[in-house]
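Next up, some structures in structure tokens.
Heads up, the next two complexes both have chain A, just with different partners, chain B and then chain C.
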Partner chain A sequence: MTAGSTYTPIATYTFSGQSSLTFSSIPNTYTDLILIISGSGAGVETMQLRFNGDSGSNYSYTRILGTGSSASSSQSSNQTAAIAGFMDNTQFVDIVQIMNYSNTTSYKIALTRMNVPSSGYVGAWVNLWRNTSAINTVYILPDSGGTFNNGKATLYGIASA
Partner chain B sequence: MSPILGIYASQISGHLAAPGSYYSIATQTVSGATSSVTFSSIPSTYTHLQLRITALGGQNGNSLSVQFNGDTGTSYSYHYVTGNGSSVSAGGYAGGTSLFGDAVGWRNGYPAALIVDIFDYTNTNKNKTARALNGTDANGSGEIALNSSAWYSTSAINAIRLYSGGTFNTGTFALYGVN
Partner chain C sequence: MANPTMSLIASNTVGSGGVSSVTFSSIPATYTDLVLKLSMRGNYTGDLVTNPAITFNGSSTGYSEKLLWNSNNNSPSSASNSGSGFLFTWANGPSSTSNTFSNSEIYIPNYTSSNYKSMSSDSVNENNSSSNGLLSLDAGLWSNTAAITSITLTPLYGSFVQYSTFYLYGIASS
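Right after this comes the complex of A and B.
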């Protein structure tokens, strides 16, 4: 049976100079979460992604990256954050798919797509959070102390039938 | 501090997706070792489809393949770019028997994710196209891939079969319709 419409905005940041973004008290009524961040930042930086305030070494990720002239892949284990993508001082857009976020039986996985057209970066990450807790908070932080200068970050929920 | 629904220290304004254009069609939840999942009788009332899959790998290295309408012939082609944590590779294949070939290299006990967009799936005047983003990470190994694929049939898609040469466990296979 087909359910009703989904892909529901949960909350939106309109950012202008914030040093971090936090989506808290996320309801557990959806199947997946989608985070879209689009705008400009202080410079080219990686954006860290943490769940439920966990800053322990419980994250890992595998990346594929294109710079406009070369491609590479890397894997990082036992990290203190996952990756939400890159930011840039002109334009960037990052989309993070947080899958099956409210299940309490398995580790969590998130897929990130990154586009920074002005700098020529394009890439994707698969992130693992080694925790079986339901995700109720999403925290995004530029890793070099930059800021979110001009844009929006929206968290959506998708509910399966 | 009591929790605040949504966000801290910012304005709330607007959203980026038009409401009423994305619908859940069906979901299958896997709780034990499973080798295939099939969506059948897919309604023709949407413009595009999206599959969203998360499951645990049953064995290392096994893959997940996709077929439409029970077609097991050499009716598929695909191209990919993938990274395994140390190198990048790209390739393609024509005359394959499934969409995306061996998308998702499972790691035993770790989650893998696959998101597939299937475009204009009811159009009977052209072949069908799809793209996928998929990956898995096991804290020490992993892979991430972008895929594009074609199914050389003008039939409307009414069934999707996902299968593995091994098994997958504990997961959610969800099909959505997009207008």
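Right after this comes the complex of A and C.
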């Protein structure tokens, strides 16, 4: 049974040593986007998230992080990328929800849920991209030069009607 | 445009008398990821919240998890668990306000792969009290290379009560 017009796959990467992932030509026919990144990489790294090729200081985020023994939170303004989560060399899963991505009147919000249990991290980010353009490209880059080695990344479209 | 892929695999609504566990078995291998959506309440006397053990394929080994949570008016905290099941997805207990149930979602990617299995769990328990609320984010790893064919949720104590609901969905990436 299909549960309505939701979770339509737009594009998928099967990891094979990529140093970055780019989802381009994203159609504007959905309401929200969901990005699922799971598998293993070269080591523990933060994954940067950019939209439409923008590497300017137009991103900010607030984070809450757990290590299995302590919790912390932080806020960062005027960053050159948002955050798509962490990766490690065991099995991680990061889930990014990008709301109302195709509107041209408001700045864009992305919620990130990060799960890297083997390396001891669980957390969440709320990201803001200060741009009113519709998002047509999503770019993910490990910030220490690592690679995507064994797993998948899929961008899904979610339609509200 | 590709076809939408979120499909209901199975569901369970607990009837009168409650149940001591819920199992989804014979999960088809035709999807990429699994999603569990849960609304749960337990009956163990005195519990504000209770934690069902979540296990795969009937296995009682290989589970580890990291928890980030906030309860009541406290500062956020973090904890870890390694044991016979995932424990950090919470159900409301009988000491929470009547008619309140938890709201939880568990995402399990690549459930048929030959790698270890990761999972992401978000859970909330809210009942209009400054002393009973709970918000938790959980990252889990099952160190087993077998494809997941069954999922069981078993309260550590007591049973799930009537009107608890359990939905299992499959998501395909192509």
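One rule holds for everything that comes next: the second predicted complex is superposed on the first by the 157 of 161 C-alpha atoms of A that agree within 3 Å, B and C clash if a C-alpha of one lies under 4 Å from a C-alpha of the other, contacts with A are read in each partner's own complex, and residues count from 1 in each chain.
By our rule, a residue touches a chain if its C-beta (ideal position, glycine included) is under 8 Å from a C-beta of that chain, and two chains touch if they have at least 3 such contacts.
Keep in mind the model is a prediction, meaning the values are calculated, not measured.
Once the two complexes are overlaid through chain A, chain B and chain C clash, as defined at the top of the document. After overlaying the two complexes on the shared chain, residue contacts for A:R63 are found with chain B alone; chain C is out of touch. If you count the residues of chain A touched by chain B and by chain C, you find the higher number for B. Looking at the shared chain after the overlay, A:A71 reaches both chain B and chain C.
When the two structures are aligned on the shared chain, A:N115 is found in touch with chain C, with no touch to chain B.
In the superposed model, A:L128 lies in contact with chain B only, and not with chain C.
Looking at the shared chain after the overlay, A:T6 reaches both chain B and chain C.
Within the superposed three-chain model, A:T104 lies out of touch with both chain B and chain C [touch as defined at top]. For chain B, the stretch among 40-48, 76-84 or 166-174 that collides with chain C in the superposed model is 76-84. When the two complexes are superposed on chain A, the residues of chain A that touch both chain B and chain C are 2-10, 12, 27, 36, 38, 64-65, 71, 73, 113, 124, 152, 154, 156, 159. Residues 1-10, 12, 27, 29, 36, 38-40, 64-71, 73, 90-93, 95, 113-118, 120-124, 150-152, 154, 156, 159 of chain A are the ones touching chain C in the complex. Taken together, the chain B residues at the contact with chain A in this complex read 3-17, 19-27, 43, 52, 54, 56, 81-88, 110-113, 115, 133-146, 170-172, 174, 176-177. Of all residues in chain A, only 2-15, 18, 21-25, 27, 31-32, 36, 38, 60-65, 71-75, 77-78, 97, 99-100, 103, 105-111, 113, 124-128, 130, 152, 154, 156, 158-161 touch chain B in the complex they form.
Those residues of chain C lying in contact with chain A across their complex are 1-8, 32-33, 64-69, 75-80, 107, 109-110, 115-120, 122, 137-141, 169, 171-174.
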